[in-house]
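Quick heads-up: structures coming right below.
After this come two complexes, each holding chain A, first together with chain B and then together with chain C.
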Partner chain A sequence: MKGAPMQKSVQKSVNLRSFLTASWLGWQIESNWTDPFLFATYSTIKPVAGAAILVLMYSIVTQGNFDSPVFAYLYLGNAFYQYVPAVLTGVSWTIIDDREHYRTLKYIYTAPVNIPFYLFGRAVAKFIVGTFGVVITIAAGVLFLNVPLDWSRVDWPLFLVALFLGVLMLALSGLILAGITLMTARHSYYIGDVVAGGLFLFTGAIFPLEVLPNWLRPIGYLLPITYWLELIRRSLVGAVAEAFPTFTALSNGDLLLILAASSLVFGIASIFIFRYCDHQARERGLIDQTTNY
Partner chain B sequence: MSQNLAVKTENLGRIYKIRNNRKEKQRELLALENVNLEIREGELFGLLGPNGAGKTTLIKILTTLLSPTSGRAWVAGLDVTRQPAEVRKRINMVSGGETSGYGLLTVRENLWMFAQFYGIPSAEANRRIKTLAEIVGIADRLNTKSSDLSTGLRQKMNIIRGFLTDLEVLFLDEPTLGLDVGASRDVRSFIRRWMDENPHRTLLLTTHYMVEAEELCDRVAIINQGRVLACDTPARLKQNLRHEIFFQVWVDASRLLDEYAFLRINGVKHFHQSPEEDSLRLEISLEEEAVLSEIIYELTAQSARILRLEKREPTLEDVFVQLVGQRMEEVENVAVPAD
Partner chain C sequence: MSLFPPIEKKRSGWQLFLMTVVGRSYPRVVGMQRERSWMFFDVFLPLLSVAAYVFVYRAIGAPEDYVGFVVVGGAMTAFWMNVLWSMSSQLYWEKEQGNLALYIISPAPMMAILLGMAVGGLFATLLRAIAIIAVGSLIFNVTYAVSSFWQLIAVFSLSMVALYGLGMMSASIFLLLSREAWHLANLAMEPVYLVSGMYFPVKNLGFWAAAAASVIPLTLGLDAMRQLVFASGPTLGFLSVETEIGILVILSVTFVTAARYLLAYVERLAVREGRLTENRR
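Here is the complex of A and B:
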C-alpha cells in the first residue's frame, strides 16, 4: 500500500525519460546533415515547391483569380497539411528505422522504456522540421501571393489550442500506424506518407467537402483532421474561412469540441490498438525480426 | 517461487509457425520443448548448444521479446509474460554477432543514451562508461562515431551497454560470436571479473563454443533441438565420462577414411574425422586404452600414416557427443534448413 504513490512517480519519470531521451536521439538523427546549408535549402525548397505546384494548378483552373477566398482556403489547408505526413511518419517510421537500420529495437524494448512515449519523442524532430516547412510556406504565401493573413486579427488562443490538439491527435494516429508497422515485418516502409497522401483529398485541405461525391463525403466528416484544418483556418483568417459552406452551421466552440472528442476517441483507440499489435508482435517474434535485403 | 532464484522456467515451450511464401502451407517448428531451468542468484550460468538449438529463443522469452507458446518463466521473481515492464527494469541483454547501435552517434553518446533510458544520472553514466571502456579496451575510441568502428569494436560497445546498468540478471546471447581470438579472450576475462566483483548479480550466457562454457560457467545446461539434455557443473557433467579414454590423432591421408571399419572395432565408442590443412584429424573415444592398438592396426590397413597422437581429457563437447550421439558441428550441418 505505502509503495503505491512512489510507484506512480517512478512510472511518470519512465515516461518522461523515454520521451526526452528519444527527442534528443531524434534530433541527432534528423539534424545529421553533413552540410547544414544543403539541409536548409532542402527544407525550404520542398514545401515551397509543393505549394507552387498547387498555386500553378489553381491559377490555370481559375484563370488567375487569386482574390477569391478559395485561394486562401486551399493555400492554408495545404500548408498545414504538411503536419500530417510529418507527424504520422515521425511516430511510425521509428519502428522500421530501429528494427531494420540501427538494429536497436530489441534493446529499446528490453530497457525500461515506455514505447509510445519513446515514439512520440522520436517524432519531435520531424515535427520541428515540419513546422519549419509550414512557416516557410505561409511566409511565401503572405509575401508573394497575397494570402490575406492579417497578423493582428489572428485568434491566437484558438490557433494554439487547435494546433496542440491536432498534433496530439496526429501523434496518436501515428501510434496506430506504428502498431501496424510492428506487426508487419516488411511492406510498411512509407505507411505514414501513404496514409497522409490517401487522406489528403478527404479532409477538405484544398477544396470543400461539397466537391466530393455524396458517398465519399462521410469519410471527411469522420476524420478529425478535417475539423482540425477548419479550425486552424478560422483562427488565422476567420471571415474568409467562414465563407465556406461545409461547417457554416458549426461555431468555433462546436468544432473545438468535435476535435477534442474525436482526439479522445482516437487516443483511446490508438492505445488499445498499439497494445494489441505489441502483444501480437511478441507472440510472433517480430520485435527483432529483420528483413534480409 | 523461491526468493533467490534469478531465473526459473516451468515446462517452457515455443513453437514457430513458418511459411516460406503465401501459397505454402504453414508448418510448425518446435524451437523449445518442456524447458525446466532454475538459475540461482549470483550464478554464471551457461546454455551450451549448436546453432538452431533454441538458445536465442529462450533468451528472447526471458527478456520479454517473445511470448512462450506453453509453460511459464520468471526472471527476478517476476512473470515475464504478465509483468514485462517490471522485468525490464531488472535486466539487460546483449546479442553477439551483430552490429547494432546508432552509427551517427559516438560510442560515448550511444552508451550515454541507453544509460538515460535506465535513469542513470549523467555524471554517473559517464563515469561508468569510462571505466568499462578502459577495461574492454576502447577508451581511446569513445569519441569516434560508432559507424566508423570495426565490427569487433562495435560489438565491444554493445557489450559495455549491457554492463552499464543496475541490473539483477544479465543475458548474453553468444557474446563472443564473430570476435577474433584476442577479443574473445578479453571479453571472457571481463565477464569473469565482473561476476567476481558483483556476486549478487546473475548472468545467463549462451554459447556454442564449449571452451567458453567450460572456462566461464558455474553451471551449464546442454541444449539440443529445443530440449535441455543435462544441467550441472562442467566437472560433474564430465564425470559421467570418466570411464572413457579420448584420443586425438592426426594422420597423413589423401582421402577420408572408412569410418565403419573403425566403429566396428570392439571398444570404440566414437569416431569422427575432419580434414585440416594438410592432415586429417581424428577424434576417437575408447572404452579402454588397449583398443588403441587395433586402431593403429586399422590405420595402417587404410594406409594412413600417423603424424601425431594425443591423449586428452574429456571436454563438454564429449558430453554432448555422449548425449546426442553426434558432435555439435555435425548436428548444425543437419539442422540448417535447405532454402
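Here is the complex of A and C:
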C-alpha cells in the first residue's frame, strides 16, 4: 500500500487538499457541460480566432511578410498572453461563481478549507484550457506562418522558470482581484476583463512599448507581465526578441530577477490585500450576498 | 384593502403588445443609466481593445484610415456584445432566475418582450457606441469623409434591425439550452470579430469567406459604413453600398420573420419538454 502514506499526508495538509479538490471541482465545472469533442473545439476556436485577427491585420498591411521579427514578436506575445485572462479570471471569477451562481461560497467558508488555495485550485482548469490555446496557437504559427521557433535552440530552463514565475505572479494578482470581488456586488463581472484588457495594452504583448506614447510607457515598465513576456520571447526566439530596443540593456538574469522580485512583492501584497478584503467581507456580511447580476 | 389599485381597463391586441414593448425596454434604458459605473466600463472596455489594435496598426505602419476602421469596428462590437449577452442569452438568464415562467403565464406576447429587450438594448448601446467613437476619434485623431449621410443612416438602421432580429431569433434557440448557453455565447465573440471584419476590411477574407460571413448583419453593415465614412473606404469595400443595403433589407425581413415563427415553435417545444423552468446550474 504505497499510496496510503501519501494519501494521508494529502489529507493532513489543508492547503494541498484544498488545492487538489478545487482543481478537480474546477475541471468538472469547466468541462462537463458537453461532450469532450465539443469541449475541445470550444477550447481551440476562441484562441485561434483571436490570433487570426492579428495575423490578418498584419498580413493585410505588410502583404504577408511573416518573416519580419515584428510578426514573431506580436504572435508569440499574443499566444502567451492567453494565460493572463485565464489565470486572473480563473482565480477571481470563482468568487462570483460560488457566491452568486452556485451559492456555495458560504459552505466553502464553513468547511476546513484554505480559501486562497481553494481559489488557486479552481483556476487550474482555466490554466489547462489556456494551455491548449497557447499550444495550438504556437503550433499553427510554426506550421503555417513561419514563426521562427527552432526547438533545438529554445532555452528550456529559462522558459520553464519564466513560465512558472509568470503563472505564479498571475495567480497572486488574481487573488488581489478575488479580494476586491469579495467586497463588491455589481461591478465584479468587469474586474477580470478590465484588468486583462488594460494589461494587454500596457505590457507590450502585441507591440513594442516604444509604440505607446511617452507618458504611457512607465505603466508598462512597472508591470511584471511586461518582463515575463520578454523573458518568454527571449527563451523561445532570442534573436527576434533582441531586435527590439525595449529591454536590450537588460540581460536574461536581470529580467528574471525583476520578475522574481515583482512576483514576491505581488505575493506579499496579495496575501495582505486578500486578508483585508476577506475580513471586510465577513464584517459586512457579504460572503453570502446574492445580487442577481 | 388591496395593495394595488384595481385594473379598470385591460389592454389587449396591439395596445398590449406596445405596452409590453415599452415595459420591457424600460429597465434596459433607465435601469442601465442608474448604474453609472456600468456605463463607464461599457465604454472603457471596448476602448482598451480598440487602443491595442490601433497600436498594432501603428507598429506595422498601416495607413491612418485603418485606425479609423478599428475605432468604428470597436464601437460596433458594443452592439454585438449587447445582442449576444442581453438578447440571445437573455431568455436563458430569465430561466435561471425564475422569471421566464412568469413571462409565459402573463398575457404579454413573448414577441413583444423580445422586441422590448431589443429596442431598450439598442438605445442603451447606441449611447455607448457614440461615446466609443467620439472618445476613440479624439484620442487617435481619426478623420472622416462622409460621402452620403442618408445612405449611412439607412445602412446603420438596417444593420441594427437585422442584427437585433438575429438576436431575437437566437434568443428563442437559447431558450432550449442550459449551461451550454453561457459557453456558446462566450464562443461567439472572437470568431465573429474575425469573420465580420471588425478590425480590418472584410474583403481581405476572400470573396467566398466574406460572402458566408455576410449572414452576420454586422459584416455588411460595417463594410458599407466604412465605405461611406472613410476616404479610402470605397477601394477597400467588399460589395457596392447599394448591394449591401439590398442584402441588409433581405436579412432584416428574414431574421425578424424567422424570430416570430421560431419563438412560437421553440416555446411550444419547451413547454412540451418541460424545459421552461429547468435549472441545471
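Keep in mind that, in the parts below, the second predicted complex is superposed on the first by the 278 of 293 C-alpha atoms of A that agree within 3 Å, B and C clash if a C-alpha of one lies under 4 Å from a C-alpha of the other, contacts with A are read in each partner's own complex, and residues count from 1 in each chain.
One rule holds for everything that comes next: a residue touches a chain if its C-beta (ideal position, glycine included) is under 8 Å from a C-beta of that chain, and two chains touch if they have at least 3 such contacts.
Owing to the predicted nature of the structure, the values given are computational and were not obtained by experimental measurement.
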Side-by-side fit of chain B and chain C on chain A, or clash: fit
Chain B versus chain C as contact partner of A:T248, first or second or both or neither: neither
Which superposed partner A:Q63 touches (first chain B, second chain C, both, neither): neither
Which superposed partner A:Y102 touches (first chain B, second chain C, both, neither): both
Contacts of A:S152 with chain B and chain C, given as first, second, both or neither: neither
Touched partner set for A:N214, first chain B, second chain C, both or neither: neither
For chain A as apex, the angle formed with chain B and chain C - C-alpha centres, to the nearest 10 degrees: 80
First, second, both or neither for A:W24, with chain B first and chain C second: first
Partner chain in contact with A:P112 - chain B first, chain C second, else both or neither: first
First (chain B), second (chain C), both or neither touched by A:S13: first
Touch count on chain A, higher of chain B and chain C: C
Shortest CA-CA distance in Å separating chain B from chain C in the superposed model: 5
Overlap of the chain B and chain C footprints on chain A, listed as residue numbers: 102
In the complex, chain A residues that touch chain C: 33-34, 42, 45-47, 49-50, 52-54, 56-62, 70, 74, 101-102, 186-187, 190, 193-194, 197-198, 200-201, 205-208, 211-212, 292
Complex contact set, residues of chain C against chain A: 35, 37-38, 41, 44-45, 48-49, 51-53, 55-63, 66, 97, 179-180, 183, 186-187, 189-191, 193-194, 198-201, 204-205, 281
Contact set on chain A toward chain B in their complex: 13-14, 17-18, 20-21, 24-25, 28-29, 32, 102-104, 106-113, 279, 282-285, 287-288
Of all residues in chain B, those that touch chain A in their complex: 16-17, 60, 63-67, 85, 88-89, 91-93, 95, 98-105, 109, 113-114, 116-119, 161
